[in-house]
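Once you scroll down, you'll see the structures, which are given as structure tokens.
What follows is a pair of complexes built around chain A, which joins chain B in one and chain C in the other.
Entry: the complex of A and B
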């Protein structure tokens, strides 16, 4: 089954509405906001969207959901605040929601908010997200805290090494927010291409991936919707929660025509 | 190597250790891994509540708190 561009946007629109409870108006770019708990994600969210937001629950779940709108250079962006998670791999409801939204909702870009005073641990989630999508902007928040603790970060180096835009911010006093919006704009409109650094696994795992990939790619649906390497890794993990999600979304996809 | 390891919970205040293995499965294992605690990681005990629970550890530049029950499932070698 080959997809046209029309199919793809029909799919996304439908998945967004039915499964994630998100409706967009006209040409609106959907931006996911991900990050560990306590990194100031909500501060970033509130600073960007102000009063143009509404909160509720994710459909069918008791987890909070916040969506808000901001404009930048005459384009409209719908920011979706994902639950704070340490990774996308565990089976808690929050991680499922974040993972499903990024994998199947296919937002136009994902901002990963990380804590400048705790970079190493925070990058765990960033690397996972970078395995799923290349439309990533890393927002290094709490740089005011880092300054107080005399932590110095080489942002240019970090950006070079990660292969995606790295934007320092102190959301609570508005620092860096304009640059963040600019980076998101450039990624979404493909004025800037990224090459997210991929984690190399052990030889065993890399070999197993190379065996699986050629078998996954011909399954057009999977390849179009889910990053094939990510899918291979989750199959190797026997990630049953993810496999359930795949079935759900692929069926939705099949029923579009 | 297992004979030289001890549960993290018995590490004393100020002592440093290296993680040897995690004797835990499921969601808790995933949580511990996500906090950056994997074999080889350096863990330092930096605080103990008066009751002995929870315990604060320095790991990869951040301080985290673990229940002593959970810390007893992480096996380390003192460094």
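Entry: the complex of A and C
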């Protein structure tokens, strides 16, 4: 049975509320804000939402959660500031929260804030997120710092290679924020389609994935909720916290109706 | 009903298959996955970035190569510490003298006023001799060093040097099975141990947080520094010229602080092996670029900050403590004051560890705030009638010697000041942070036991070897 858009938003509303402590009206677009620590995520968050934000905790955890609202072209966007993480391969509470939200909370889009002065390190998280969802916008922040350090980045080239919108910003001075909002708008309303570059793993890994895929594809949870390749990789990681999360969310989706 | 519900057995089966693949694979799959992601990130990043030569970056790197190198890291840290102390001691000298002269001469003015209104002697005693004199002491002797040390430390922090210290010490912390972030809580402890205890929140692991909280006391806070400086300057220098005096004093304090750091590592290790066993957590540390600190702004801001802080503490804690002490020194049980009586009881224990009853009592009465220990001590000594008054730091030595101080007393007093129980504010913070009476009690007992033990060993060794 295929879920219609209406059903999905009903589910989503309930899942978001119950599990992630986010209450949203049906019409709001939910945008996740992810990125490494110390890249200026909060600066971007504050610049976009101003005073229309409120902070609390993720339910049941001692990690801060901030949500804020901004409008663009008469649409309302709810920005959710995820904890800063270096990766989503969960080793800590922060990574678990970020992963669960992007994976099961199914935001309408995810902005990945990266630091222009340490692109290598930051792209790692971006790639992981691009494996889960294709609704990604990369926000390359701190370009003013990069200029000071004489680092020049070819953003068009990067956009071509990553297959998702890449927006340079210096949130401290408000540079690039308009373009960021535009990119998010276009992704969310599907005026722009993305083809996120997937990671080509080494041979042994790809072989292992191809062995598991036939068993995973038929699982409905794989099709509806999670990207099958991502699921295969997490099973190979033996990420037990992810399995627990799947159980939890399967039950939750089960009980919604 | 959504067909998302399917027997979780199917999922379980896939999980088991994955497990099988993982364990039978000849490469560690999880590691390879991470490596692949990183390689790809690196490859793409490199292809779009053009890094032109940046003088700033290469200078940073060259400095870091030296500052974090195996050979130079420790000497540089120790020398920097010594320099900071030296500047504090020399810089505080003249202001101390000036403030002392002004405040103590004002005391005479106050006395005259009291005589004018024919106020009763006890009132004069409590307010002028007790409250005002203690206040004057704290401001004259404690304020200048604090007002200099704190801005210096803030400068180092602003410069970006402290993360390098954390980096250098991390491997020692790993050996002690504690968290590298403990280095930063220790740095906070230099300012105030209560703040150091609260700053332990940056440590995620509860076990390591507790270790950081329990050992924070071994870093001397701003209240104990001036005590150490005073004793070091006065007692350790004999008849040296001024410049050498300050070097020796700075050197002594550096050694004392290093002892405190060594004790921190030792106690952390012992705790990790006994009551707080567990795994070490990893530390990811970003070394920020070196920044030119805004020297003027920092000096101004932290200087004013410290001054206000010390003055407020002096009025709120020191003045009342001074009043109380004067009262205790002038209420008599038989022919000895309450102070003298209590000191007498404590004397045998104190002598065994190389101190005397009055010193021990001063430390006990100093529980609310460490800066009042020396004022209380002096007042106890002076009230026993050895010297009717003293007006400046130089006479302090005579007061001490007249009361039986030897090099051993000075040394052990400094050690005891370094190692003894935390002040009331710190204990309160410990309780708030740990929520446990048991651990707060441990936070009190561990330093106390160590202080007594170390002083005991040194005193007895000195007595045995006829050195004192």
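The rule is short, and it goes like this: the second predicted complex is superposed on the first by the 252 of 257 C-alpha atoms of A that agree within 3 Å, B and C clash if a C-alpha of one lies under 4 Å from a C-alpha of the other, contacts with A are read in each partner's own complex, and residues count from 1 in each chain.
Keep this in mind: a contact is a pair of C-beta atoms (placed from the backbone, for glycine too) under 8 Å apart; a residue touches a chain by one contact, two chains touch by 3 or more.
Quick caveat, the model's predicted, so the values are computed rather than measured.
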{"item": "Room on chain A for both chain B and chain C (clash or fit)", "value": "clash"}
{"item": "Chain B versus chain C as contact partner of A:124, first or second or both or neither", "value": "both"}
{"item": "Larger contact residue set on chain A - chain B or chain C", "value": "C"}
{"item": "Steric overlap of chain C with chain B in the superposed model, located at which of 26-34, 44-52 or 62-70", "value": "62-70"}
{"item": "Chain B and chain C contact sites that coincide on chain A, given as residue numbers", "value": "86-87, 89, 92, 119-121, 124"}
{"item": "Residue numbers on chain A that touch chain C, as the complex places them", "value": "1, 3, 38, 86-87, 89, 92, 119-124, 126-128, 148-155, 157-158, 161-162, 197, 199-202, 204-205, 208, 211-212, 215-216, 219-221, 224-225, 232-233, 235-238, 243, 246-247, 250, 253-254, 256-257"}
{"item": "Chain B contact footprint on chain A (complex, rising order)", "value": "86-87, 89-92, 117-121, 124"}
{"item": "Contact set on chain C toward chain A in their complex", "value": "1-6, 8, 10-11, 13-15, 17-19, 21-22, 25-27, 29-30, 32-34, 36-38, 40-42, 44-54, 56-57, 204, 284, 286"}
{"item": "Touch list for chain B against partner chain A, complex", "value": "27, 30-31, 34-36, 59-62"}
